[in-house]
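To keep things simple, chains are lettered A, B, C and D as they appear, and every chain counts its residues starting from 1.
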Amino acid sequence: MAFVKRYLIPRLIQYVLVVWLGITVVFFIPRVTPNDPVMAMVGILRARGATLEPGAMDGIIRDLTEMYGLEGSWSDQYWAFWGRLFHGDFGVSFYQYPAHVNQLISTAMPWTLGLLLTTTAISWIVGNIIGGLAGYYSRKGWSRTLDAIGMVIRPLPYYIFAFALLLLFASTLVFRWFPVTGGTSLGARPTFTWVYIKDVLWHSALPALSLTILGGAVNFQTMKLIVQNVNAENFVQYAKLGGVTEDRIVNKYIIRNALLPQITGLALSLGQIFSGALITEIVFSYPGMGMLLYNSILRGDYNLIMGIVIFSIVGITTAILIVDLTYPLFDPRVRYK
Amino acid sequence: MKTIRDLFRDYRFLFSFIVLVIILIMAILSAFSPYDPTLWNVVPKELKPSAKYLLGTDSNGQDVFWQATFAVRNSLIISLIAGLVSRVIAILVAMVAGYRGGTIDRVLMFIGDSLLVIPLFLIIVMVAMMLRKFMNLVVLGLLLSFFGWAWDARTIRSVILSLREREFTKTAVLSGTGTIKLVLKEYMPFAMPLIFSTLINNIAWAIGLEITLAFLGLVNLNIPTLGTMLNWAIYYQSILLGRWWWVLTPVVLSLFLFIALYWLSVSISEYLDPRTRIQRVGAA
Amino acid sequence: MEKLLEIENLSKVFSLGSILSRVHIIAADNVSFYIKPAEIFTLAGESGCGKTTTARIILGFEEPTSGAIIHDGKKKARNEKVWFTEGIQAIFQDPFATFNPLRTVDNYFFETVKNYKLAKGKEDAIEWIDQKLNAVGLTYQEFAGRYPSEFSGGQLQRISIARALLTNPTLLIADEPVSMVDASLRMSIVNLFKKLRDETGVSVLYITHDLATAYYVSDRIAIMFRGNIVEMGSVEQVLMNPRHPYTKLLRESIPEANPKKRWTTTVNLTELEQEEYLRKGCKFAGRCPEVMDICKGVVPADLIVNDTLVKCHLYSDENSSAK
Amino acid sequence: MKNSILRTENLKAFYVLDMQGTQKVVKAVNEVDLEIHEDEVYGIAGESGCGKTTLLKALYGAIEPPLRWMGGSVLYHMNNLAVDITSLDAEEKRKLRMEYISYVPQGSMSVLNPVLKLNETYQDFIGSHVSGRTRQEAFELARKHIVELGLPRNILDAYPHQLSGGMRQRVTIALAALLKPRIIIADEPTTALDVVVQRGVIQLLMDIQQKLKNTIVLVTHDMGVHANIADRIGIMYAGKMVEEAPTEKIFEDPIHPYTRFLIDSLPRFGDKSTRSSAPGSPPSLADLPAGCPFHPRCPFAREICTQEMPALVSLSSDHKVACWLVGEN
């Protein structure tokens, strides 16, 4: 029981507080910044040459203000905002007018989830295994070359790396193996036939490759360093001095202790990986949350942006909570005081 | 300086030093540019790189090389502002939280942690969207600095916490030194190297983010930076139309800049303490 | 004045853990003793007995939960930092940790002189510092402008003592001053304390777990166990014929440098310290060879048996006739 | 005269460190000749930085860079043939460890795998040496062994962080004695412990030695511990063995000036007469003075002491000293 009281409940409280703080920040940003979203929207309408008599303009402003939920004092707006949130109603998108925001999000979400989950899993597992081996055999040649490659790839931001892959594999400059844009070829209907799946895989190959390589490089480097440090720990040296066979030392002594910081590392970097995924999608115009965000920014679709940001905050913090809760399963020092 | 001589033995430090010197020279060259960066059609459009135009010209009728010098200068300005201001915030938060302790420590660390956990990119995008009309180099720098202190405040705070337990803190207190003087005289020599290598990481992070925001069109597009240059290159479909020199210049420049900055911070922190390497994930 | 420093039922309770799972550790429990001028008083005990916590409270690095400290006849208010009365200075365990490795050692000397306005100009300060260094057998030339790493452990500990002497303190608090110094050099530091006591009349509160050195250097000694003082008196009385069962156990367990005095009996060790902290009654009841029923329920009083204090029911009135 | 079980001949082991270009050689073990008998507790005394831990590593054959063999040999006497371990390969050495010779390291607080229960750690050690035993058999052997040594039965089901420092130390010693090795090497097993717990640990070592009738090589700077447990003591100074004799002789009749200072400077109960320590401080092993390393601090130092290193000469059948004073009388 002490475990629940000492580890679980504080974590849950922190989770709720973080989500609340995130959403409150998102609530206040448009209201604090100097320019008013309604005027911005009116500006965009007028830019498109909509000529209106003066009387109609006030009506539009009133409707927009009401639709943005900006009328009344900040506290009324705040409660109304949370009220809508609990019903999962993010309001209506301006650009694709009749479509509700959460409808748009639910179409884009599977694409992003598919890309994000697979690449994160692959890069974490592959990165850790290769990093672990490279750390254990750090004197071998191959581990040094891998480390050098890692040193080059790791500092590159998602955006630049994705762009480099695009130039290399998709554009006319070098190879032309992969499509430049899109999630599927034009006009493909989403059915579960093999043809459609093959088409999706073919299109998502480059963004997935980009995310996996970058994520893999990060995990490779951190795991290599952790394994080198754990290898120098007293209990590993003592096991070697005690004549414990090498396979037991690698599995039960080094890997199991090296994984612990990697789990917290994964939790802390999920936010970063998610942002990276969004950017990579934009570069490859892959039809996930990233493209949705890109279009909503271009068209100043205020409600859609709010929806995406809130959805992402809740999603990411929940994922982090789940990863954090798996940590005690691996570390007895947390389970039993 | 013996330390500099030791550092140069590390090939990474050597490489990053050379690249950074080249980039600084380019930034300084911008002052001697024959063309005004904001004017268009000053040179014939879309010419391949030649003796006259080192890196060719672009579809806006600007010389790509001189444009690049301005881009590098402005990107550095933004990231320096972001880096330095966020250092000040990080140090203040770390000092107060680390030295004062108690509830302030818990509150500050909670804010720091939630900034780490929440996908900052989206919030920065939202704020940038709202400030689009006022966006210029300084505003963007300050915006990035406001979100860039959380991770480093935590690292610096842990250094201060460990120093507070060390016995020379007690010796200093017994020698009658006041709190402020104690922090500056006793802790700064320890924290300085860490602050410097986190500054470099933050600069790389800021440049990367500036490029991303520029691609999303959230920055003032007629102030040339690495990001806006790339944005214009894509806007004119220079990839498909084969004008590789226009799109490659910002990509290659930022590629080398990121690698150089990362290697600089890694070689410094490894020189200080081989066991701890700065774990920052590459710029978003 | 008879008592230089007096400690009246000093207690310190640490509460650890978050609001949900509170754990209370009683580090010091009604500790009372006094130190006379020009006296070396030892506070001895195993790790976790509260001796270092008591020292930190006297120096003002910790706030006591209850109890008072009377220094030079003036009662210290709870939050007043004691060290600013330049009367008390301290020497720490690890000489290399006492000084910031990145700063030259003489920085601390000049700062102390400046902060306590002990000298007017620079020469005056150097002369004052040199005088203090000579007291510990060093000279200003061989010490000026050098970093801690350029000295040996023994030298650095002497420098630390010199720094403490700068303000002419009436009391030096030495927290395990020789445990990190090589055995063969230990005596030179310990003899230094005796010389300072005889020549300058400074008192020393000597905190240690090493009873052999304590016997050699101190005049009076207090043995601490889990926050309580269990026996206190002249070092001759307490260490040569201990009365409290714990002091006896400690005294027997010290491996004496004499092959003829080897251990004859074996000792049984419990592995749960937590239990001892929270135990009602006498905290040593768990492993005391002469435990009685009363020990488990009632906390023994501080009894005086021919001018040594013993906190043990064996010596209460109805039993003392038997002893 | 008991027959010897472990012998070193002219053993040299140095640390070769390259600090950013300049090479520094630390002469930690400098031509040591040692002979340790069966069924005996051999104590090695010396202060920090005198090379005693390195000597133990050499005896155990645990030579990893930056430490390197520089010369001489370490001989194990196994079923009456002398095996030089410097010539053994990794697998042969691995087989010997825990079965023939085992090692109790200095910082025993962090020597047990934090994420494994103690019985899993025990099984790892047993399983790596004794093949063919099922997990259950190995587990049973470990539990019986623990109870035999007077440790609580349920200790094997706990994790290392749940035990006190003293208990972890005793569990490590029990682990080292698990496969009944002929030699147990213990490096400062009691430094970080309280006096009473230290006594328990020493008594555990003595019980094991009496039960297995094997050899214990004990290193510590605490002369009191040596007095209580050691049969013979070797005094080390600056990488060399300066004196070796039975315990009583070392304490009552020390010959080497350094040993005399060491014994005289020990405070004794009941005797408050002023004691003095040796002047100066021990030399650094990286730049040793010429001749006898103790001569800068030795009140009896003569011309020859500053030039040549004295050899370890036997005064009597069991008393050896490395000092030029001995040469005269």
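Everything that follows uses one rule, which is that a contact is a pair of C-beta atoms (placed from the backbone, for glycine too) under 8 Å apart; a residue touches a chain by one contact, two chains touch by 3 or more.
Owing to the predicted nature of the structure, the values given are computational and were not obtained by experimental measurement.
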In terms of mean CA position, the chain most removed from subunit C is A
Selected pair, greater C-beta contact count between A-B and C-D: A-B
Rounded to the nearest Å, the gap separating the Cα centres of subunit A and subunit C is 56
So the centre of each chain is just the mean of its C-alpha atoms; given that, what is the distance between subunit C and subunit D in Å? 32
Rounded Å distance between subunit B and subunit D, as computed from the means of their C-alpha atoms: 54
Could you work out how far the Cα centre of subunit A sits from that of subunit B, in whole Å? 22
Contacts from subunit A onto subunit D in the complex sit at residues 233-235, 237-239, 241-245, 248, 252-253, 256-257, 260, 330-333, 336
If you look only at subunit B, which of its residues touch subunit C in the complex? 166-168, 170-177, 185-186, 189-190
Footprint of subunit A on subunit B - complex, ascending: 12, 110-111, 113-114, 116-123, 125-127, 129-134, 204, 208, 211-212, 215-218, 230, 239-240, 242, 244, 247-248, 251, 254-255, 258-259, 261-263, 266, 275, 277, 279, 281-284
Report the residues of subunit C in contact with subunit D in the complex, numbered from low to high. 46-47, 152-155, 182-188, 191, 209, 211-213, 215-216, 239-240, 249-251, 253-259, 261-263, 266-267, 269, 271-273
Please name which positions on subunit C make contact with subunit B in the complex. 59, 61, 83-84, 89-90, 92-94, 97-100, 102-103, 107-108, 111-112, 115-116, 160, 163-164
